[in-house]
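Please read the structure below before turning to the comments.
Chain lettering (A, B, C and D) follows the sequence in which the chains are written, and residue indices restart at 1 in each chain.
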Amino acid sequence: MSIQAHHLARRYGRHWALRGISLTIQRGESVFLRGANGAGKTTLLRVLSTALQPSQGTLCLFGLDAQTHYHEIRQRLALITHHTHLYEALTAHENLVLLKNYGLILSTQELQSALARVNLKKHAHRPVSEFSAGMRRRLGLARMLLQKPELVLLDEPFGQLDVDGVQLQEEIITDFKQRGVTIIMSTHDHDRGYALCDRELWLDGGILRGATP
Amino acid sequence: MGRFLDLGLFIIASGLLLLGSIWGLWIAPPEAMMGDVYRIMFVHVPSAWAALMAYTTCLVASVIYLFSGKSGADHVAAASAEVGLVFNALLLITGSLWGRPTWGVWWTWDPRLTTAAIMFFAYAGYLALRGAIDDDRRRSTWCAVVGIIIYADIPIVWFSVKMWNSLHQLQSSPKTMDPAMVTPLRIGAFAFLFAFLWLVRRRVVALRLRAQNDILMMNEGDPR
Amino acid sequence: MNGLINGGWDYVNAAYSIVWFVLISYGIFAWKQSRPNQEKLP
Amino acid sequence: MNFLRSGWATLQKDMRIEWRGRARAQGALCFATLVLLLFSFAAGPDAVTLGRHAPGYVWLAILLTSTLSLSESMRVEMDDRALEGLRLLPVDMRGFFLGKLVSNALFLCCIALILFPMSFALFEVKPTLGFARLAGVVLSGSMAISAPGTIYATMATQLKARDILFPMLLFPVLVPALVASVKATSLVLFGDPMHEFGGWMSVLVIFAFVYSILGIVLFERIVEE
């Protein structure tokens, strides 16, 4: 069991972005999260990643309570959003070395091959502030690869990427699926969503409208 | 139950305030050195106690919130900081009104005064922070942290101002305590204590109502 | 009757008036805010 | 172990970012010297008065600059939600706080390193008790400002009214640190016949210690919300 959520709710001030979400996602499943703008997709993904605390409800990830064991949980998941978690003043290479400095076990070779895979090798020593939005997304992907997660949460993973980038993203997702990584992905590109995922969750106004089992 | 408690607190508080004022203004004898001015003490000193009590309540509630995450503790912290600020303002005003005729100045850098003034601004900042955060979880947690940080500052401010002040002037507050003057002071202390309890309760109820209202909105109205 | 300081009553009266005024107005505010029907949303 | 490693990594990272953004640091430095000059203009040209109040001017200049440098150093963490990335890594936030605190304090020390020689020239004062003690005051004073400053900057940079709220929260809490730094500095500059230096230094050290501990304990709660 990868995710067990019971009646998750989250509000920002007086606005409730999530109004009671209960769901169960098995290990190795890939889930397509669809919904209109403002339906609560990003909030749900952030809550499921433990980046954001729910206002109400309980969440268990990998059988651990998210409220108390978030340190262990976070070692096993990765979150991709349009915020790429990068330091502008540092170079692409330094941003990845940072993971190592903070204790992620990681060899130089892995680091180089991750940079090569997202096709940023020749820009490795440029500061991120000079990067385009698509390049930042690529670097974010490299970061996710190095984290070796068991659960990935992808918020609009195809946004801002060029044709090659979209293809790379698809490759990575397929690769993860084959390795049994649990995937939850929100996208407005329904064709890709249905093609890549086994299951669908439909979010509307902060509640689950429908789901295919 | 709560109704009777509220009513009881209100009656005791207002009754004691009235009694304390009458006693302080007319029954207590004038003081040998300061004449009638010292009567300000009967509202001034209880304000100080009430303010300190309120701030201590805020600290305790903040710590409880950080451990338990119960929104009730957050409401108590918010309410007592606000009530404490009101008593703190009274403390500064009455202190100034006392200082002018006795020391000849509206303001002096006495450790007591300075500490009270700094605490006023610190808790004003605390309430401003409360008003500036929309997200309720974030507001509760951050304000609990700030409540602890500010309270930790009170003794440090006190000692540093005392040290700082001891160099250029020594200003002692009158500590004359005739038995005839102790009674109104005691009445005043209890009056402010009950006023504090009633006010905090009212503020907590108001905050709880607002919080419940926000939660009710979750189920209200069908989203599209 | 007075001690060394004359005219102290002005300050005493001012202090008591301010205390009463502040406590009464804050009390009214606290009471009004805490009534359920006042908290209905617009 | 985790604690020290993340502290060191944070310090290293901050140093590097600070070095890359030298222009920003120069701006802060410019601001600090300008404030010092403005105090001299406001206080008038009387050399004796200026000299007597030199410690106060210098520390006020450092304090005002700290509101800029502290929120700037936290803004770097919030820009692309970099701090959220570190949280999800997960990084030990107690160590992160310590690293951030030290890097902020070192920046303030650099400011002081410029301001003090400048004040010696402007106000005709000199450290009679020696440079070692002055360095001690500067170091502990910077830590004392940075400890609550880092906590408040973390909150303030995520708020809409950050420019108003940050000093409004920080300044009242910093009063004892300011008083102690100014007092200790003036004892270093003008001599210490009553042997009060130790007392003021201990106020500074206790202040810095209390707030560092509070920050280490509470920082995680702040960033998790």
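Assume contacts are C-beta pairs under 8 Å (C-beta built on N, C-alpha and C of every residue); 3 or more make two chains touch, one makes a residue touch a chain.
These figures come from a predicted structure and were not determined experimentally.
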Request  = Report which of A-D and B-C is connected by more C-beta pairs in contact.
outcome  = B-C
Task = Report the chain closest to the protein's overall CA mean, measuring from each chain's own CA mean.
result = D
Message = Farthest chain from subunit B, going by mean C-alpha coordinates, please.
response = A
Ask   = What whole-Å value do you get for the distance between subunit A and subunit C if each is reduced to the mean of its CA atoms?
value = 56
Ask   = So what's the Cα centroid distance for subunit A and subunit D, whole Å?
value = 37
Remark   = In whole angstrom, the CA-centroid distance of subunit B from subunit C equals 14
Inquiry  = As a quick test, compute the distance in whole Å between the mean CA positions of subunit C and subunit D.
reply    = 41
Where subunit C touches two or more other chains at once, by residue number = none
Overlap residues in subunit D, where contacts from two or more other chains coincide = 224-225
Remark   = Touching two or more other chains in subunit A are residues 53
Inquiry  = Run through the chains and report each pair that touches.
reply    = A-B, A-D, B-C, B-D
In the complex, subunit A residues that touch subunit B = 9, 11-14, 16, 19-20, 53, 55, 204-207
Ask   = Residues of subunit B touching subunit D in their complex?
value = 66, 118-119, 121-122, 124-126, 128-129, 132-133, 135, 137-138, 141-142, 144-146, 148-150, 152-153, 156-157, 159-161, 163-164
Note = Contacts from subunit A onto subunit D in the complex sit at residues 49-51, 53, 70-71, 74-75, 77-79, 81, 83-90, 94, 98-99, 101-104, 127, 136, 143, 147
Ask   = Quick one: in the complex, what on subunit B touches subunit C?
value = 17, 21, 24-25, 30-37, 39-40, 43-44, 47, 86, 89-90, 93-94, 97-98, 100-102, 195, 198-199, 202-203, 205-206, 209-210, 213, 217
Task = Spell out the part of subunit C that touches subunit B in their complex, as residue ranges.
result = 1-9, 11-12, 14-16, 18-20, 22-23, 26-27, 30-31, 33-34, 36, 39, 41
